[in-house]
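This is the structure, below, for whatever I ask next.
Think of it as A, B, C and D in the order they're written, each chain with its own count starting at 1.
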């Protein structure tokens, strides 16, 4: 295992190959099978999820999500008329934006390296939203990460689908997102920030659980087939559980408004 | 120089060079070399008696080319025949175009010209085939005839005074083209001929060589009339369904792809694209037993060039 | 700094009145109506022309002539030290304008009313004289697209360093801070269409330097003419009868 | 981007169903690939690759810089892609920005591995000159010159070729600099170290049209896709990154199947690219 990534190529070695063992984070070594996660969770255990809809009054729909330290708020506006400059389209448009508060991370302004999150959010949602139900109009989805505590993007995606549901936008299904990190030989689900920064690879799945369809999948790092299949299965299971929680949150909100 | 953008190995390069050299010498033997570039003076014997045509202008009493091409003289007329350029329409040309806009009483078509061409609803035979005034209802139903992105075949009718052109499609042979692919090649490779429609029954393929360099290769449509009648009887939905479910026979598709690739090869090499040459190219690939996609490989390009050199040599011999 | 050594040679071994090696290739972008790659020494530019075609933005349509547009862009790797520049900075806007005006002047726009011609130039390597290289590339691309022109515009630059007029400055010479005269001419008509200079120069010296640049333009014009003629011949004989 | 009529769409889809695409290829066949290296002499390494009518240039520039405080033992690599309007008038102005960012991010994901550097195509620790003080910053730039589909795979292959064309100058660090002082360096302009590219993965994009998936889709075929999965695969057959495009959802079992197909195809592609790259290098040496 030590050879992974650590082996310097024989042809180009301007510096002596660094010893990887010493560089490993103190809380984790490859051989350490008894390692426990810093928040005491099992490897395959997610953080407890908290969802609440209707967090922003002025928005057509909104949701707040809290996974451990990761706190996200998403508001949805529209559907409203698309800008004139846009070409005619018989389908609706989805405009997504993910931003970080200045205090979201410990290092000021570090959240800005997540520029691609907006496009990723868009890709994860567009397959679930019935765009043909609001032609010529745009739905804006604005996500704000209040505190970044790891697995930000999957939380944003789940929260955004809840906000869309709250806004009454027609969807095929809710979208739930879960990520898995690979640290050495271990697969850990729903990683926190600290774990993410030392991960060897990560895999994120967003899916529509009742359709059993994956809307977005990204993988980084090196994966063997067995690991990959295990990680995908873990994510999919977690997604369906997460979707249940999201569903119950919506039901609660609906019954509350009835009263 | 315009390189031929294919990667060749050393021997292929030499063989291609040799074939091209042969073509060059054949050409030079047959023609007085009259190539000009922009701003070259075109020699004329008598200033007053000539007519300056396309691609020429007068400066300080000299006739000067404004284009790269070949000087052509027809009686008093002197003009420059361009090679690579956008399509230059002539009335009566058969062209293939793509609908870009459905406007009031007209369609606008992209035909590789400096402006979109106009096809008026009134220069179109109605699907029912009856000659009558166009009603408001016909106007509303224009999209059921052609909609955006449809590939349409027509004929150049006349020039408008703003420089645009009008098309007409007043015959059963014109109209929407379906089940096939559209290729675009430089228009100078398509020669104006008696026939631009080729119904290759042997292959089950319709080939339309549009003068504007748009070439349609599609499944053979037997008699357009009855199909159009069918369309009328069916609702639109059924029509699209029947279109998808009826799968094209594999043999026809093979022929379409083969013809398309032959045209691609000829266009890359810069050879005239005529039915005769296309069919010969296909025969060559069939005798060599090449896979259809191998036709786009470097070796086949070289072979086609060599064969073309041979063909033209034998042609000049026959003439001579 | 010594730009011309006592033997009369420049930093890259050229004589003061020597141009860098020219190379041109027509037809680099399959999809474009016309395209060309033009190299002057290490400066390498690719130009593509789209059109004349239907005007994309109706409000820009001109009823009696063609609309000519131009965009100049530099690849991130084109300069010696890599910089990531935002698109549409002042310099590229200015060069786009210069190229557009120069090309528009020589295109017979009145022959293609209500249409649009787009010229895109992309700098792959910049080693001085990009402006000139872009104009030369654009000329080739326009000719390849079969767009009627009054003349073949060509451009070349010249400078004045160590009291010597130098033809076709490279990057090091260009950044020395001396005067840099970029000239564009219509060689057949023998007219100047573009003249740009920064820094100062006595008038009589300026005339010398400018004359040198004009000579450079003429040499380039000859080269371009030959390339185009050879290209036309090739197209014609390959096409056959 | 590409407007197609209903008839043409059906023709393309039908061809994919019958395993005979519009240009005669089978579903798993590539268009002819050609590579040229050293096209940008000013860069440390560069390559141009042409796949059918798609053409891209990749360049690698190395500059000395300071390592990141959090990772003192590693160099830095940045990947940027630009879409030139030369390729497509649509890319004019800011028109190409969205695609450029998407491609840059996808390449980053496919080539740079996980946060710890595992699975990276480029070994960042090999870029260090003096730990914590000096390292090489590699700037990898891609430029799209002509676009006819399958840009990501082409860019990935171009970067692989450019990296194998890259020579990094040997650097001597003057001994004796202590503490926070920045040590003196001597950059050799004669001795270059070849970059090790055996670990650089290739990217295989499978485009799903109808029930089937195809490799090396042209832009016409891409316009008909329901979704596409780009997988980057190392020589060892490990997955080094994956991204999905297109709006339609996919069944997880389909994804697994696509990954295994991509892995199978990658073996042929790696061999093809290797031979093309070495041929290109040989050509360049001759000149």
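In this text, a contact is a pair of C-beta atoms (placed from the backbone, for glycine too) under 8 Å apart; a residue touches a chain by one contact, two chains touch by 3 or more.
What you see is a predicted model; the values in this text were computed from it and never measured.
Asks: Starting at chain A, how many touching-chain steps does it take at least to reach chain C?
Replies: Minimum step count, chain A to chain C: 2.
Asks: If every chain is reduced to the average of its C-alpha atoms, which one ends up farthest from chain D?
Replies: So the chain farthest away from chain D turns out to be B.
Asks: Averaging the CA atoms per chain, pick out the one whose centre lands closest to the mean of every protein CA shown.
Replies: Central chain: D.
Asks: B-D versus B-C: which interface comes out with more C-beta contact pairs?
Replies: Here the pair linked by more C-beta pairs in contact is B-C.
Asks: In whole angstrom, what separates the CA-based centres of chain B and chain D?
Replies: Measuring from centre to centre gives 37 Å for this pair.
Asks: How big is the gap, in whole Å, between where the Cα atoms of chain B centre and where those of chain C centre?
Replies: That pair's centroid distance is 33 Å.
Asks: In whole angstrom, what separates the CA-based centres of chain A and chain B?
Replies: Centre-to-centre distance between chain A and chain B: 52 Å.
Asks: Centroid of chain A to centroid of chain D, CA atoms only: how many Å?
Replies: 25
Asks: So which bits of chain C are touching at least two other chains?
Replies: In chain C, the residues touching two or more other chains are 30.
Asks: Which category does the touching pattern between chains fall into here: line, ring, star, complete, or other?
Replies: other
Asks: Every pair of chains that touch: which are they?
Replies: Here the touching pairs of chains are A-D, B-C, B-D, C-D.
Asks: Help me check something: in the complex, which residues belonging to chain A touch chain D?
Replies: Its residues touching chain D are 4-15, 17-18, 23, 115-116, 119, 123, 126-128, 182, 196-202, 207-208, 211-225, 228-229, 232, 236.
Asks: Can you list the residues on chain B that touch chain D in the complex?
Replies: Contacts found on chain B: 5-7, 98, 100, 148-151, 176-182, 218, 240, 243-244, 247-248, 250, 253-254, 257-258, 260-261, 264, 291-293, 295-298.
Asks: Taking the touch rule as given, give the residues of chain D at its contact with chain C in the complex, in rising order.
Replies: Chain D residues touching chain C: 39-43, 46, 53, 55, 57, 59, 61, 63, 80, 82, 84-89, 92-94, 97, 139, 141, 143, 145-148.
Asks: Considering the complex alone, what residue numbers of chain D touch chain B?
Replies: Result: residues 3-8, 10-12, 14-15, 17-18, 20-26, 29, 31-32, 34, 50 of chain D touch chain B.
Asks: If you look only at chain C, which of its residues touch chain B in the complex?
Replies: Chain C reaches chain B through residues 25-27, 30, 33-34, 51-54, 63, 66, 108, 112-115, 143-152, 186-189, 225, 227-241.
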